[in-house]
Every structure is written in structure tokens, then in C-alpha cells.
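One chain, subunit A, links the two complexes that follow: it is found with subunit B in the first and with subunit C in the second.
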Partner chain A sequence: MAALEIAGLRKEFGGVIALAGVDISIESDKIVGIIGPNGSGKTTLFNVVAGVHKPTAGRVTWQGKDITGKSAYRIARAGLVRTFQQAMSYPGLSVRENVRIACEHGRRREHGSKQKWSSPEEILDFVGLRGLEDALAGSMPFGNLRRLGVAVALGANPILLLLDEPAAGLNDSETSELSQLILQFPKLGIGICLIDHDMYLMGTLCERLVVLNFGTKIAEGPPDLVLNDPKVAEVYLGGEI
Partner chain B sequence: MAASAENSSKEKIVAAVAIGLFLVIFPWLNPGYRYLSLAITTGITAIALYGLGLQFGQAGIMSVGHAAFIGVGAYTAAILSGNVGAGFWVALPFSILLSAFIAGLVGLPSLRVSGQHYIIITFCFCALLNIALTNGGAFTGGATGLDVGSIDRIFEINFDQLRNAYYLVILALFICVVVIYLIINSSYGRTLNAIRENEPLARAVGINANLHKIGVLMVSGALAGVAGILQAYYLHHISPALYGPFPSLYLALMVMLGGARLIYGPLVGAIIVNFLPEIMRLDPIDSRIAYGVGLLIVILLLPGGVSAGLFGAYRWLMSKRQQ
Partner chain C sequence: MEIFIQQLVNSLSVASVTILIGIGITLIFGLAGIVNFAHGEFLMVGGMITWFLVTSGLNFFAALLGAMILVGALGFIAERGLFRFTLERPMNGFIMSIGMSVILQHVVIRIFNEVQKTIPDPIGKVWVIGGVDIIAMRGVVVALTAVVVAITYFGISRSRYGMALRASIADQDTAALMGIPVRRYVTGVFVYGSVLAGLGGALMIALFPITPFTGSVVIIRGFAVSLIGGLGNVGGAVGGGLLLGLVDGLSAGYGFPEWTDAYSLVVMIAILIVRPQGLFGGTLGPRST
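What follows is the complex of A and B.
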């Protein structure tokens, strides 16, 4: 059974229907991608799943438990952690403190389980921010801020990580470094669900793609099938005149 | 690197011991009645300021109605003493708990609004409490307020003697500084910083931001309660005017002048605002102008407050000397 089950999820903002009943299941040992044009409801999906917004209707089940409408912090503590589209950090605190705060909260490590990381420094080492521990987060260039965002999320000890456009604003070499990093997560027992507009990145990283358009799922499957689906091409390139 | 860290912690201890020693021997430096009583007022104010400094400096929640919570502490003590004859030591926990509780209640809107919107709410609460106290009839003593007796003697110490009152306030201040220092340097302090710096991110890594916001406001309220009961028993008389919006603005001024984030900030702020007009012999109108100008200068030039400015200047001097 999939770790995260989204069933009939609907979200309306006033008269705008951001999600019109979406069903997706996501495993916690795979990399699953969510694509779709701007305004198709991808970020809203993350926000509703992570507890930032309450859904209008539908159910979100995490590891067999109903988490629909639960507070963001409870969902994070249950091991379902998200990152933000705008590279977010605690700008006035050091890089080390940024990660340390996440380590002190987040999912409690089960008794006797093997710890992935014993310290914030180890996480920073893993994401490639070694030597910058004492830098102020707010003073870092954008690429490093993206890495820090991932490090903070890792600090919260996730089972499934929701990455919202992790490659947005990165150049090609930074993007390929990031994708190398993301590819390692399933080996560490962390599932990934990511949103991005970079089709090449999504095609190489993801085992499965979900396509959203106007709040509805229009396609789902392996990347080569989905990206060659005429419905998907129509959404991105426009239909025949 | 390690040596400098060791140095700085050594410097911190030296500074703490020096300040502590000065505060302990102050009454023996022949300060006279005026300066000693001013020192007591300053100490009482500083206790409340440490609460305000914690909520503003660490959690980023400013208040311009903080005198209201001092008032809750003071009036709790006065009403308990007048109606059931409870003395200082009996009333102390009630003052602390009630101030904390009310501060938590007033903090509830902070879960929905933040920044200047919440500041306005604190201001309104302060003004409202003032109206309630003024119109409370015999229960609150109306505009004239209530009389308060003396602190019960323990070990035959008479706290009506200025020097003994001073030491009691300094002891309370010391406990309060230690508590605040421990909070700032604990994981709880980091949690508050996370909420101040980026609340959505804090929630996203599992921080129960609502709980901690109300929690820090209650800690702050508790300290205001301590300040309130000390003030009531020191002045022997309290009235609503002491806890109105204007005194609240002074508290906000002191915290910003001194610097909210550093451990000596609130103390520095309280000392500057209470002692400077006296030393410079400014009349009340002139001193208000001086505060306004001083606050502008601090906001523009020393955003971290005077304490951070002094600390920075010291660091700069040290690095010059080493070169």
C-alpha cells in the first residue's frame, strides 16, 4: 500500500476551484513527479496535503491514518515534510542553527532505529554546504539557499519529502548537482514527491509522473509514456487549431 | 577560533561578575535616597522588560500594552491584601499566575494577526484595562487606586528600608536574568527564534507555533506579574495611571533603546531611560523629547539597540588593539 493516499481532494478559494477532486497515491520509496502548467494546482496540492490549507472535500491518508485538515506541524512530525517554492530559511540565524532547529523538532527517531544523521553538520555535509555552518542564512546566494532548504527538510527526519520546485532559479550545473542529490534519497529510505517545470529533470529523476491541469489529474504513468501522451502535449503546447 | 570562543566566554563571565558586583555594592556607594529609590524602580521595570525583551527579541511579538500586565500583577496583590488580607508572599504566586493567564488570553489574537495589527490589539487591551480599573468602584479603588501594606518580614528583615527593598528587587532581577539566559540559550529559545524568523517554515519542520507563541507571552506576563507585585509593595499605593498606554509606550521604548536580543539589553534600556533625565537634570517635557530623538537615533544607527552598539564597539576596539 502506498504511504500517502490522496482521494477526491478538492480545494476552492472563493469561486476558484484550485483542486477539483484529485486522486493520487505516492509510495515512500520512489521518486514521483507532479507536473502541469502554471495554475494547475500543484502547489495547492502540496499546501493541502501538508496542512497549510484545509481541503474543501476529500481525504488525505498518511500511513493508514487520516490526516485531512490536521495542523502543519503535526503532519511534519508524522514524517511528511515539505519544502517551499520560495527558497525559505531563517535568514537571521546561522546555517547550522537553521538545520539544528529542524533536528530538534520534526519526526522523533524511533527507539533503537538506525539514525541517518547524528548532527546538523552531517546533514550540511550531505547537501554540500560544509564549511558554511556559521554563515548567516540570509547572506547566502540563491543556490546555497535551495540546498539549505533541503537540509532543513532533512533535519525534520522525513519519510516522504515533498519538494516544491527545488530547481527553480538554479542554473544547469546547480540543477544537475541537485538531481544527483535527490537521486540518493530513496536509498536513504526517504521517498520523494516533487514538482518542477524542468521536463528533462523530471524525465530523468522520476519513476512516475502525475499531470495536473485545472485541478484535475489528466495523466499518470512512467515519464516516457506521459510525456508522449497527446493530452499532455495539448495542455503544454495548445490543441490543434 | 577555539581560543577566541574561550576568550569570549571568559569575557562574558567577567562582564557578568562585574555588573553583578556593581549592583550588589551600589547601596554602599552612598547613592543617596533619590538614586537608590530610582535604582529600585529601574530594577522593577527591568524585570518586566526582560519579559517584553523575550517576546519581542526572541519570538518577534512586540507589545505596546505591556504595562497592563504589570498592572494585573499589582492589582492582584493589592486586592488580595485589601479583601482577604493576603500578604506579599501569599499573593506573589497569584500575581504571577494571573498576569501570565491574562497575557496568554490577550495573546490569542496573535495567532491570527501579527506585526502592527497585533500591536494595536495590545494597545487597546491596555487602554481598556485602564478604563475598567478607573471605573471599578471600591474593588479597584477607582482613579485614586488602592493602598498596599508592607512586605512581611522574613528573618526580621524590614523591606520598607530602602536598602533591603533594593536587595529584594536585585535578587528577583537576578533570578529573572538567569531564567531568560537559560531560555535564550536552550532549544526552546531556538524554537522561538525560528517562529520569529519564518513562521511557515517553523510549522513545516514540526514546530507547534501557536502553542509557543502563547507560551512565550505567558512567560512574559509572569515576569510582568513579578514586577507588578514588587511595584505595589514598594510604592504602597497603586493607581490606574501607572498602567496605562503611556507607561506601556515607555516600556516599548526602553526595550528598543536597550536592545531586545542581548541579555543586557533590557537592563541597559531601563537604566538609560530612568537615570539619564535625572543625571542630565531634564524636566519631564525635555526628557520626552530626548527619548524621541534617542529612539530615532537608535533605530537608524543601532538597530540592535544600545547594548548591541556597545558590544560592537567593544569588539571593534579589541580587534584594533590586536592589530
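What follows is the complex of A and C.
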């Protein structure tokens, strides 16, 4: 059974329907991508699942438990951790302190868990920020801030990470380094669900793609099938390729 | 010189009460983003509870503990029952708190009466230190305040809870993502600030008489202290409280006692014109929404 089950999820903001009843299942040992044009409801989907917004209708089940409408910190502590498009860190704190807060407040670490980190330093080492532990987060360049965002999310000890446009604003070499990092997560027992506009990145990283348009799922499956689906091409290009 | 030292100790004991109220306001306003104009009444209620318990025969220090607990409970009820619903619009909370301050004054008048209340000096001793007579209770007030200041300062700046608190204030979404229960921290800060108001009230009535209207005087000084020091800055509230306390105490001893309250407000206005962020820097106040 999938770790995260989203059923009939609906979210309206005033009169605007951001999600019009979405069903998605996501495993915690795979990399799953969610694509769709701007305004198709991708970020809203993450926000509702992670407890930032309450859904209008529908049900979110995490590891067999109903978490619909639970507060964001409880969902994070249950191991379902969402990241943001913006840099997620406190500019006035050091890199180490940022990760330490997440380590202290996230999901409790059990003995014998699959993940190999027990300290902020090990996580920073893993994401490639060794040597920058004492730097102020606010003083770091953008690419490093993204890594720090990932490190903070790892500090919360996730089972499934929801990554919202992790590669936005990164250059080609930074993007390929980031995708190397993301590819390692399933081996460490962390599932990934990510949103991005970079089709090449999504095609190479993801085992499965889900396509949203106007708040509904219009396609789902392996990247080569989905990306060649005429319905998907129409959504992106307004016609055939 | 001896008179100067006595004035200094007197000023410090007055400053202690101001510091306690100022720390409460600086935490609640600067960190939780709530403007509670009834905070002065929380202190007054703490003083009245202390008076009631002491006149009922309880030891002063037990009464002080009782005042802290009961005012903390009052803060919990106010935050959970009222301010929770105005978090997105701090101005509404501010107006509501003005109403709450009037209600609390009149509830106290209804239960007791409007006459000022005093308790006998809880220690009733005079220490002679280096040839200077010091009323023991004043020394105890200063010492207790120093301990509370130290606990608060290190709690906010060093402990994991203080760090999580500051993180919650700076960016709620990221804090929640890290697994920090943001709303619980807001409640916690509010209750802690209220407990300090209860302590301030108990210490105040050990030094001076308290009336049901004491809160309205105290609140102005509390806001002055927290703004002078920089919102959310515990060290700043201590510095601001010392500054006001010394200006008040020494001006009353050496100059024009009738101008005492004016001095502190002039100091506040001058500092806010020159340094709007406060002398020691702080947060920018409640989040604007």
C-alpha cells in the first residue's frame, strides 16, 4: 500500500477552485513527480497535504492514518515533510543552528532506522555544505541556500519529502548536483515527491509522473509515456508538438 | 554618599517592577505579536491576589507563588479564549485588550473595593551594608528580579525552546515544517509574560500600596521600557527598565518628584525619535498582515 493516499482532495479559495477532487497515491520508496502548467494546483496540493491549508473536501491518509486538516507541525513530526520554493532557513542563524532546530523538533529518531545521520554535521556533510557549518545562513549564495533547505528538511527526519521546485533559479551545474543528491534519497529510505517545471530533470529523476491541469489529474504513469501523451502536450503547448 | 546609595537601592527596587512588566510586554508584543494593554491590570490583579492571600494569613512568599500561578492562568484563558482569534489582526486584539483592562479594574473593585491596599513589610528587617541602611525587602525584590531576568534571557537566547520560539516568530511556515508547534509557543510566551506580571504585582505590593487603577500607570511605563529597549529584546527591557528606574528614583530623591512620570515619558519619546528600533534593537513588532 502507498504511504500517502490522497482521495477526492478539493480546495477552494473564495470562488476559485484550486483543486477539483484529486486522487493520488505516493509510495515512500520512490521518486514521484508532479507537473502541470502554472496555476494547475501543484503547490496547493502540497500545502493541503502538509497542513498549511485546510482542504474544502477530501481525505489525506498517511501510513494508514487520516491526517486531513491536521496542523502542519504534527504532519511534519509524522515524517511527511514539505519544503518551500523560497529558501527555508533563518538568515540570522548559522547553518548548523538551522539544521539543529529541525533535528530537535522533527520526527523522533528511532534506533535502527535506515537513515544514517544523527547530527546536524552529518546532514550538512551529506548535502555538501561541510566547512560552512558556522556561516550565517543569510550570507550564503542561492545555490547553497537550497542545499541548506534540503538539509533542514532532512533534519526533520522525513519518511517522505515533498520538494517544491527545488531546482528553480539554479544554474545547470547546480541543478545536476541537486538531482544527484535527490537520486540518493530512496536508497536511504526517504521517498520523494517533487514539483518542477524542468521537464528534462523530471524525466530523468522520476519513476512516475502525475500531471495536473485546472486542479484535476489528467495523466499519470512513467515519464516517457506521460510526456508523449497528446493530452499533456496540449496542456503545455496548446496543441500537438 | 550614603544617601546616594540608599537612593540607588530604592531606584533599583522600583526599576525591578518596571523591568518585570517590561519583559512581559517585550515578549508578548515583540515575539508573540500581541499588544495586550491589559498587561498592567494583570500586574494589579497579581498584587490584589497577594494582598488577599497575605491578609488571609498566608506567608508572603506563598502568596507570591499563588499570584504567579493565578495570573498565569488568567493569561492562559485570555490567550486561548480571546487573543487567539485576533492573531491575524493585532489592532483588533489591542482594542479588545483595552476593554479587558477596564473590565478587570471593575471586577477587582466589585470583589474588593477601590481603596488602596497595603501589606506589612514581609521581611521587616533592615540590612546594614557598609554603613548604609537597606530595607531587606527591597534587596530581595532586586535579587528575585535579577534571577528571573537571567532565566528569561538564557531561556530565550540559549535553550532549544527559546530558539524554536524565535524561529516560530521569524517564519511560521518554516518553523512548522521543522516540527515546531508554533501556536503552542505563542500561548507559552503569553502565559510566561503573564506569570511575570503576577510576580511583578506581588513584589510591587510588598513595596508600595496598590489600587485597582495601578495597572494603567504601570502599562505606560512597561511599554516605554520595551520600546526603549527594542521589542522582543529581553536585555533591552532590562536596560530600559534600569534607565527609567534610575531616572525616576534619582529625580525623585534629588529634584522634582512631581515630574517623575514625565521624565520617563520624555526619555521614551526622545529615544523613539532618534532610534525608532529602540536603544538595543529588536523585532519590528507584530507581523503586519
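Keep this in mind: the second predicted complex is superposed on the first by the 234 of 241 C-alpha atoms of A that agree within 3 Å, B and C clash if a C-alpha of one lies under 4 Å from a C-alpha of the other, contacts with A are read in each partner's own complex, and residues count from 1 in each chain.
One rule holds in what follows: contacts are C-beta pairs under 8 Å (C-beta built on N, C-alpha and C of every residue); 3 or more make two chains touch, one makes a residue touch a chain.
Just so you know, these numbers come straight off a predicted model, no measurement behind them.
J.: Once both complexes are superposed via subunit A, do subunit B and subunit C end up clashing or fitting?
T.: When both complexes are placed onto subunit A, subunit B and subunit C end up clashing with one another.
J.: Is A:73 in contact with subunit B, with subunit C, with both, or with neither (first, second, both, neither)?
T.: In the superposed model, A:73 contacts both subunit B and subunit C.
J.: A:135 contacts which: subunit B (first), subunit C (second), both, neither?
T.: A:135 sits against neither subunit B nor subunit C.
J.: Quick one: classify A:89 as touching subunit B (first), subunit C (second), both or neither.
T.: A:89 sits against subunit B and subunit C alike.
J.: Which partner does A:2 reach: the first (subunit B), the second (subunit C), both, or neither?
T.: neither
J.: Could you look at A:199 and tell me whether it touches subunit B, subunit C, both or neither (first, second, both, neither)?
T.: A:199 contacts neither subunit B nor subunit C.
J.: Where on subunit A do the contacts from subunit B and from subunit C line up?
T.: The overlap between the subunit B and subunit C interfaces on subunit A comprises residues 50-52, 71-73, 76-77, 81-84, 88-90, 92-93, 97, 101-102, 104-107, 152-153, 155-156.
J.: Which part of subunit A faces subunit C closely enough to touch in the complex?
T.: 50-52, 71-74, 76-77, 81-84, 88-90, 92-93, 97, 101-102, 104-107, 152-153, 155-156
J.: Mind pulling up the subunit B residues that touch subunit A in the complex?
T.: Of all residues in subunit B, those touching subunit A are 187, 190-191, 193-194, 196-198, 200-209.
J.: Please give the residue numbers of subunit A that touch subunit B in the complex, ascending.
T.: Going by the criterion above, the answer is residues 50-52, 71-73, 76-77, 81-84, 88-93, 97, 100-102, 104-107, 152-153, 155-156.
J.: Considering the complex alone, what residue numbers of subunit C touch subunit A?
T.: Of all residues in subunit C, those touching subunit A are 160, 163-164, 166-167, 170-171, 173-183.
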